[in-house]
Structures are given as structure tokens and as C-alpha cells.
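Attaching a single structure in C-alpha cells format; questions to follow.
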Amino acid sequence: MSEAILAAEVPGTDTTVPGTSGARQFWRRLRTQRAALVAAAVVALLVLVALAAPLLTALEGQDPTTYHPSLIDSARGGVPIGTLGGISGEHWLGVEPQTGRDLFARLVYGARVSLGVALAATVIQVALGVTVGVAAALGNRWVDQILSRVTEIIVALPLMIMALALLAIVPPGFPRPVLVSLVIGLVAWGGIAKITRAHALGLKNLDYVSAARLSGWSGFHIARRELLPGLAAPVITYAALAAPVNIAIEAALSFLGVGIKPPTPSWGQMLSSADVWYQAAPQYLLLPSGALFVTVLALTLLGDGVRTALDPRAASRLRVGTGRRAERAADRADGASGDRTAASGARTGASGDREEAGA
Amino acid sequence: MSGFGGFLLRRTLGTVVTLLAISVLVYVVFYATPGNVAQISCGPRCSPAQVHQVAEQLRLGDPLYLRYWHFLEGIVAGQDLSTGTSVAHCSAPCLGVSYQDDQQVTGIILTKLPVSLSLVAGAMVLWLVIGVGTGVLSAWRRGRFTERVLTGLTLAGWATPVFVLGLVLMIVVCGQLQLLPFPQYVGFGEDPEQWAWNLLLPWLSFALVEAAPFARLTRAAMLETLAEDHIRTFRAYGVSERTIVVRHALRGALAPVIALNANNVGSAIGGAVLMESLFGLPGIGQELVHAVKVVDLPVVTGMVLVIGFFVVIANALADVLFAVADRRVVLA
Amino acid sequence: MSLVDVSGLTVEFGALRAVDGLSFTLEKGAALALVGESGSGKSTVAGALLGLHRGTGARVGGTVRVAGTDVGAASEQELRRLRGAGAAMVFQDPLSSLDPYYAVGDQIAEVLRVHGRISRRAARARAVEVLDRVGIPDAARRARSRPHEFSGGMRQRALIAMSLACSPDLLIADEPTTALDVTVQAQILDLLHTLREETGMGLLLVTHDVGVAAESVDEVLVMRHGRQVEHGPVADVLGRPAHAYTRALLDAVPRLDARRDTSVAGDEVVLEATGLRRRFGRGRRAFDAVDDISLTVRRGETLGVVGESGSGKTTLGRMLVGLLEPTSGTVRHDGRTRTGTDPSVQMVFQDPVSSLNPRRSVGESVADPLRARGEKDERAVRERVTGLLERVGLEAAHYDRYPHEFSGGQRQRVGIARALAAEPRVIVCDEPVSALDVTTQAQVIDLLGELQRELGLALVFIAHDLAVVRQVSDRVLVMRRGRAVESGPADRIYEQPQDPYTRQLLAAVPALDPALAAERRAARREPAVA
């Protein structure tokens, strides 16, 4: 997955009138989507686990970095001793092959790293992208030309490859989680910049922005008051869908052995040697895989829900199965939606029929 | 069509500019970093003598623009590179010499490229077929059980990191069930059957994951088209639902699918890197990961440039295809 | 048996009853118009005739028989046979009503092949034949063009050609000319008339425009809120309306011969533009949207700017208020040359939806010019804004409401209040009423007139509707392709037009009197023959 896909997912240049989505309406629409709510609960649980990692491991009485040579069979190449990869009252999920580090501890600390890196990367990526996009949309022709060209190049550069390459030239002392967040954030802002620019350009041409200019406000004031709130919906939607992608990228980089490096645990990093051990310690493969799958799935579903809540009409075309009934309810609640299409349809001539919209 | 000709010309010029800009960006990022560039390029295991030699090769004494020019000249015209004892000619396109084993980067890439191309091309065919097929089917059977199952599967594919699926499939299919061999690359020229047989699993695991966004997009684009006025026209003229879906709605989804596939080339190459590492296929992805691990900068930059080149060309081609598929773009 | 027999038709979308117990019949070869404002349910009726509400979740009650088919009871297959072959439909927006990816001729051929066992080649030939029939020049070549390569009028002709393809007994035309310019509208209506004469098709015309109905049909059915208001021969309904709503509707329709009632025009020039030119695009694609326009507007005066789509009238308006810089030429007000915007020149926009920020209360939008001027006192702002809202016919309590809670007409009133808040001397109104229903239109126009008298405002009234412009203007400027074709006092322009284009425009406006309409149709036909 990549920004290309995200760009296709976030409705691009729909410059008709943005929705009247106040925060309250947003919550009301989000509440009606069962799948999104379940996903939100799962995400909340994951965040809680990540935050409470030290507490949980203290409860178990382990930590993620201590080697337990006594628990692995060095004669058989480092396979954990005991049933099911060394599951016991002391090591709830067994121990890591070869090192004997506690698997439960590594998993919950891994949640910290995976979620933290993804969050930081998303923040950097969105902040950069929105800044560039707004500057391109509001700047003069040259500013726009240059920024758009740079954005094109950033979008064209394959994210994974750039991240890989950048990781090569950074001195080894740099803290890896920070580094990985920075690299992902610095490489992945192209998509959001394009979307922001397109939306801002659309908004800029809306009559109410012209009206604000006629009122005598300065460009800065108009950008802040009339444009930025209109950008909230696409930007939030993008961010919500970008977060799970960033989790997958971090996992991929760590899996390749160039992202998070031991002793810091990360799910992708745990998987990087799991294939060798699948027979002796299947949970060493299954646990991080499952954690990744559930996290990405939950975040994606939540992202879908957020999009639906922010823009029910655009979302209904892209929805992923589950939220259907809820969307219909949300659409109905959003009753006024009809005349919008009708009125924008009436270009040269008279009234668009409201009845068509009802159909 | 002078409009179309002009469009082609503009697009070609834009592509050249983008390629140049990428080369500048890559050069600046990798060879103008703060710190001892020669030391970084050569990697941590280089001796001071080697570092000195690298510094000369990179002409670190020259100003940045001259150094870049030299680098560009090498790509276009080739150059002579001294490796301490001897001087070797590196013919165009010269991307430098690996500091690890003194091999020319262009040569390394050329030997690895067929593997990566085999992997990506085969998987791309599969994911287009699977993705678009799923999308069409779920748009056609919208609101029914089939659609629910398909959207569920799509979502699962969407949420699975590509290497996780590959890992699991490899262990189950090759390890437990022993249906397929653990993939080992066999050249297409050597034995086409073994080539396909060995690549089958990488193709499948790659395609199953990459198909998800295409399924989603196809379905969405078709539903969008189905909501448009001209579909109402054909309904009002007695055209059957099947003709409407296949002839009109699918046609409307063509252009966005082309665009997504092009924009997706970058991430597909990222996926290929993972697949190669996972299945042990000796492609450029695997080489790149290795080069990153041992910090072999000429190889890294060469790979990035070549991959960037492919992505930009793919995008340009897709733009042209897109314009053909959606003529309104050209005229607008 | 009648061609169309509708009895007790009811269509419900969820809780909304769009059509409520409607009954009518249409004989073979006859023409009936369904006339009504937005939300009257007229388009829903048209859809019901072809069973288009099936599978959309709408509940349809009553019986509908069209060309011998019971639409409610018919199988999917019978319905498909009816559609296109028994009754064919022409839609409002000709651009979006054809598939953008296929050649027009192929789309017509596709419909033909659905309805008969006919070879691809024969279907293509027939497509060319009907395209030629509807007056598309060089039909054999144009059949291979895609919809975007056609002009709006030609596209609508192509759609009509598609409807003719299978020689249906009934043509259902849903607002067929609403998206078209007035001269093109006249051509399309004439075409429909001729085709009906020649083929003996029945016509069901759905329109909001009483004039279009008067031009085209024998009988009129006036609808409101899904119910029938009045039904009878067109001359009776339009000439001697029995129902109060019909009378109100007719009264609200702007007339071409209605002089401006009172004028408060002064002598003082408040806005003056000289040699305005605006170029878009570069190189070979460059064109002048506005080409050398000069005008003056005096205090208390209304200057009407009238033109068809693409005439450059909106570009002109945006230059007058300073939203767009002219490529050359100057705008002066109160004797000073100006660049950029100035609070003393305000604008009222066409689209009542996009002209208000959906995230801000209407009071805040109206307060904008006050705050921009530096007014800090919240009480004073609120007082002034509520005063303005009340002045334009809204309530003080509307201050904290959001735009989506208002109807189109109310939003337009908010837009006017916002313009007034800046205490302008000139307001440029860009199609201020074209998105509104005719009764709402009349109210907004009245409001603008009142404000002008009260405040001595100068207005520039930009519109495509010649009748509306006549009603409000002291002087009129006629534009075509960026140039001023003719300008002068409104009465002179409308009564003694000098330029052939102006005359053509005026002749194309539908008349409310069916007898006069027939006369004018004959007059329009003559130059074509000559």
C-alpha cells in the first residue's frame, strides 16, 4: 500500500460545497457505524496496551531485553525449551528463540514502537504535506509551479526505496524509532500535499471566499478562517487512512532489518527471523503477524469510519462492506444534501428539481 | 490531433525535467550530507587509504555543482575510474563502482533486473485480473451476499502487510503442505516452466495483497459511474443491467484503474523488495537491502536512480494511456 | 385506449411523498405539459411512466399504463421493451445524459440493437439517419464523434435523435431545454414541434418554465407538492387560470414587455469602466473572454447586462468588483482608478449554496464586512446584523442558524444582507435569481428594487434571462462573445433593437400566449427557409 492508493481513496478535487460537518455531526455519524466503533475499541485497547507496557511486563515479572540462556536449547540451534515455545507461568507467551527474551514483553513493547512510530510519521507527513499544499494553492504561479513539481517528484519516488536508502546514510548512533518516523514522514508527504492543494484550489474559487475578499479581509485571514476549516475533512480522512499504512511500512523496514533494530522490539523486526522457527515456536511467527493484521485492520476500519462520518456521500462509493446500514442512516439524517447537487446543476438556467435528489 | 501531439510533447519534456530533478535530489541527499562524505560512501569498514581514494573519485575538492556535473557526465558518457592500482573504464550509463567488491553498479543492476522484472510483471498481471475482476463482480452484485463476501476478502487483503501473507503462505504451502517448492529463481531462458513454477507463490502472495486497492477502486469507480446521468439514459432506453455494468460502468472505471496502477508502481517496487528478501530471490530489491545493510553507497544511489527512472517512465506512459482512455483530459 | 393513462399515482421516497394521487390521460399524438416549481414532483411522474423508480427504494402506488403496458405490473422484460421503443425519454442535461466514452452514433445504434434484431451496420446507418433527421449537419461524420465534441444544442439534438431511433409512440421530455441558451432553446422546441407534426408522436413535456409549455403543448397540468393544481387546454390554463396558485405562478413570470415601474436613477457616476479586456490562456489557446467593454453606472440606476453562456458576462462582473484584474482597461469609481477589491463595490452571487460558508452561522457571514472594517463592539455588530437580516425579510433569530437550514431564496437574501453590510454604493448581481423558482425569483427582485430606492444603490444586474433583465433595468448592455453588441435605454433595446443578434435573442424568448407563440414560431421558420 502506498500514497498512490491513499490518494485514490481520498476523494480528490470534489470542489462542490464541502459538507456541513461540525464536530457534533461527526460524532453522531461515527456512532452509527458498528464496524468503526468496534475498530475504535480495538485501537483504544492497543493504545492502552502500548502505554501500559511497563506495567504489564512488571505484572508478568519480565522485561523485553533480558536474555534467558537457560530457556533455550543451544544444542538444537537455540530452540526454546518446553512446550509450545516455552510457555509457562513466568513467560506467558513463551520466549524468543536463540535469545530467550520474553515474548510477551517484546510484543507489548513492540506495540509501543509500532504505534508510536506510525503516529509520529503521520504527524510529520501531514504537517509537511498540508503546509506545502496550502502554499502551492495560495502562492503565485511560480510558487505553485515549483512546489507542485517538487511534490510530483516526491510522489514519484518509491517510498520504501527512499526510506531504505535514507536509512543507509544515517550514522548508527541515531535512535532508530525517531529515525524511522522521520524518514517515513519526510518521504511520504507528497500525496497529502497534492490532495491539500487540489482541495484548497477548489475552495479558493468558491463564492464565499470571493465574498470574504470583497468584505475587505486580508489573504492570511481568509486562508485561516475560510480555507483551513474546509480542508479539515480531507486531511483528517487522509491521516486516518495513512496511519495504518505507516505501521505496515515500519514493519516492512524492520522486517528487512533496516528499520528498528534489536534490542528494541518491533513487530516487523520480530518477524524478520520468524520463518526459521515456525515449527519449533509457531507463536513467534503468529503473534506479531496477528498483531500487525489486527492493528492495520482496526485502524483502516476506523479510518473508513472517519471518512464516512466526514463525507458520507464520497465514502459510500468506497466503503468496505460493513458500514452500509449506518451510512444509509447517516445519509438520511443528512437530508439537506439533495438541493446541493440540484443547485449546482442549475448553471445557465432555472431551478434544479429537489425531487431528483430525493430519488 | 494537434492537441494530443502537444500533450505528448509537454509530457515528455516534463518527464525529462523530473528525471533530472530526481538525479539532483538523490545526488544532494547522498553526496552532500554533512560529515565525511567519503567515509560514509565507503562504509564503516574502509581503511583510511580507501577513504582517501573515494574522496578523489568523488572529486570532493570540487564545488558541489561540478561534482554533480561529473556524476551526470558519467551516467551519460561513461568515465574512467581508478581503483587504486588500476584504472577501469566504466562505460555509459556509469553509476559508479561498488566499494565492497569493486564491481560496476550498472553490471550488478543488469544481472539482477530480470529477476525483479519477472516478479513484478507476473504479479501485476495477476493483481489486475484479480482486483478488477473482484471489483466488477462486487459492483454488479451490489447489495447481495456475493458482494459482502468479496468486500470482506478485499478488506482482509487491504489490511495484510504483504510480507506477512508471503511469510505465512510460504510456511504453509511450501513447508507444511509441500505443494510448491521453496522458490529458487530459475531464468526464463533456462527453463520457462520452472521459472513460472518457482515464481508462482511469490506472484500469488504479492498479487493477493496488491489486488485489494484495485478491487476497491474498480468497485467505487463503477458505482460512481452507475450513479451518473448517462446510465439513467440507457436504463430508460431498455438496455439490460448486464450491458450497462459491463459496457458502460466498466468503461468509466478504466481510466482510474490505469492511473492507480501507474501511481502504484513505486509501492509495487517496495513490495518487490520485500518479496525478494522473503523468498530469497536474487533481484535488485535484495541487492538494495544488502547494500543498505553494509552501507555501499554507490550501489544504493544507483539502485534508487534506476528505480526512480522506472517509476517516472511508468507514470509518463500511464499518463498517455490515461489521456487515451479519457479523451476529455486532453481537451480540458 | 389512451396512450398514457395514469390514475391515482403516488410515489414516496421514505417519508417524503413526492407524488400524491395524480391522475391524467394523454391521447395518441397529443401533447401535455407538467408544469411546476422545484419539489412539485413533476420529474418523478416522468420517471414513473417508464418504471424508472423500480429498485430505487421508492414506493409507487396507483396504476400507470403507457402504450398498452401496465408499468406497475409489467415484468422486467416487458418494461425494457416499453423503454425506448414504446416511450422514449429526453433528459435535462444533454452533456451528462450521454456516455462520454462512446461515439454518439454507436450509442444510438446500441439502443436500436436492444430493441430489434438488426445488424450492427444497419443500426449504424439508422443512427446516421436519425441524426440527420434532427438537423445535425454532416451526420455521417458527426456520428463518430463523442458527446464532448458537440455543443450543448447539438447534444440535445443527438439525444432527441436517440429517442426517435425506435419510432416510439410517446416522447417524454424532462426539462429538455433548461440547460440551454435561449436561442438554442427555441431551435430545440421548434424541432420537437416539427417532429411531432411529422411522426404523430405523443409528447409529455416536464418543465418549470410556463413559456416553454405555452410554446409546445395542447394541454397543461400544473403541479404543486405532488398534487394536481389545475389541468386543462393550454390557452385556458394560461389565459384564464382558475386556481389562485396558477395565477400567482403566472404573475411571477417575468414578461418581456413589462417596463420598469419606477426609476430613481441619478446623474452622479459611481462606477465607470473603460476598455476592459480580459484574456485567458496563452499562445494559440488565448482568447478574450471580455473584449473592450466600456460602461458607466450612475447612482440609483440599474444597468442590465444580458448575454448567453460564454458571452463573458460573469468575467465582466468579476472585473467590476475587483475579484479579477483586467488584462487591460480601467475600473474607476467615484472618479478614482482602482485595483483590487473595495468594500464600496459588492457582489451578490449566483449560487446561493456556495456563496455562504457552510461552517459559519449566517449572522457571522453577514458580520464579515463589519469586522473586516475593524468593528470590535460585539453588541453593535449584532445589532447592525440583525437589522440587516430583518431588512432583507429574515428574522433576528436567524443570526445563529447555519446556511443549510435555509431555502435557496432565503440564502440569497442573506447574500444581499452581507453585501449591504459593507455599505456599498454599487452592487454587482451575477445571475442572482437564476437558481431560484419563479415565485422566489420575483420576491428577490422586488427586494433588490426596494433597497435600491431606499439607499440609492447602483446595481449591475447580470443575467441570461431577457425578461428578468427588462423588468429591473434602466439601461441594458447586450453581450456576445466578450463584446458589447448593443447598449442603451432598456425600452429602446427591447422595443427597437438595432442589432440582428439582439433581435434574434428577443425573438427566441418563449411567449406566454400560445397563439402568439405559434405566430412567432412561424416567423422563426421563415428566415431558415429563405
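A, B and C label the chains in the order they appear, each numbered from 1.
Here is the rule we go by: contacts are C-beta pairs under 8 Å (C-beta built on N, C-alpha and C of every residue); 3 or more make two chains touch, one makes a residue touch a chain.
A quick note: this is a predicted structure, and the numbers were derived from the prediction, not measured.
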### Query
Considering only which chains touch which, how would you classify the arrangement: line, ring, star, complete or other?
complete
### B-C compared against A-C, more contacting pairs
A-C
### Message
Distance between chain A and chain B based on Cα centroids, please, to the nearest Å.
### Response
22
### Summary
So, in whole Å, the Cα centroid of chain B is separated from that of chain C by 50
### Message
Please tell me the distance, in whole Å, between the geometric centres of chain A and chain C computed from their C-alpha atoms.
### Response
45
### Query
Which residues does chain C have that touch at least 2 chains other than itself?
93
### Summary
Seen from chain A, its contact residues with chain C in the complex are 16-20, 22, 206-208, 210-217, 221, 226, 229-230, 332, 336, 339-340, 342-356, 358-359
## Note on the structure
As the complex stands, chain A meets chain B at residues 1-5, 7-9, 149-150, 152-153, 155-162, 164-169, 171-172, 244, 248, 251-252, 255-258, 268, 271, 274-275, 278-279, 285, 289, 292-293, 296-297, 300-301, 317-318, 320-322
### Query
For the complex, which residues does chain B have touching chain A?
17-18, 21-22, 25, 29-30, 33, 35, 40, 44, 147-148, 151-152, 154-156, 158-164, 167-168, 170-171, 175, 213, 216-217, 220, 223-224, 256, 259-260, 263-267, 269-271, 273-274, 277-278, 288-289, 291-293, 295, 297, 300-301, 303-304, 307-308, 311-312, 315
### Summary
The answer for chain C against chain A in the complex is residues 13-14, 16, 18, 37-44, 47, 53, 56, 58, 93, 175, 177-181, 208-209, 308-309, 318, 321-323, 341, 343, 345-347, 349-359, 365, 368-369, 372-373, 402-405, 408, 415, 418-419, 421-422, 434-438, 464
### Message
Under the definition above, what is the set of chain C residues touching chain B in their complex?
### Response
50, 52, 79-85, 88-89, 91, 93, 96-102, 110-111, 114-115, 146, 148, 159, 162
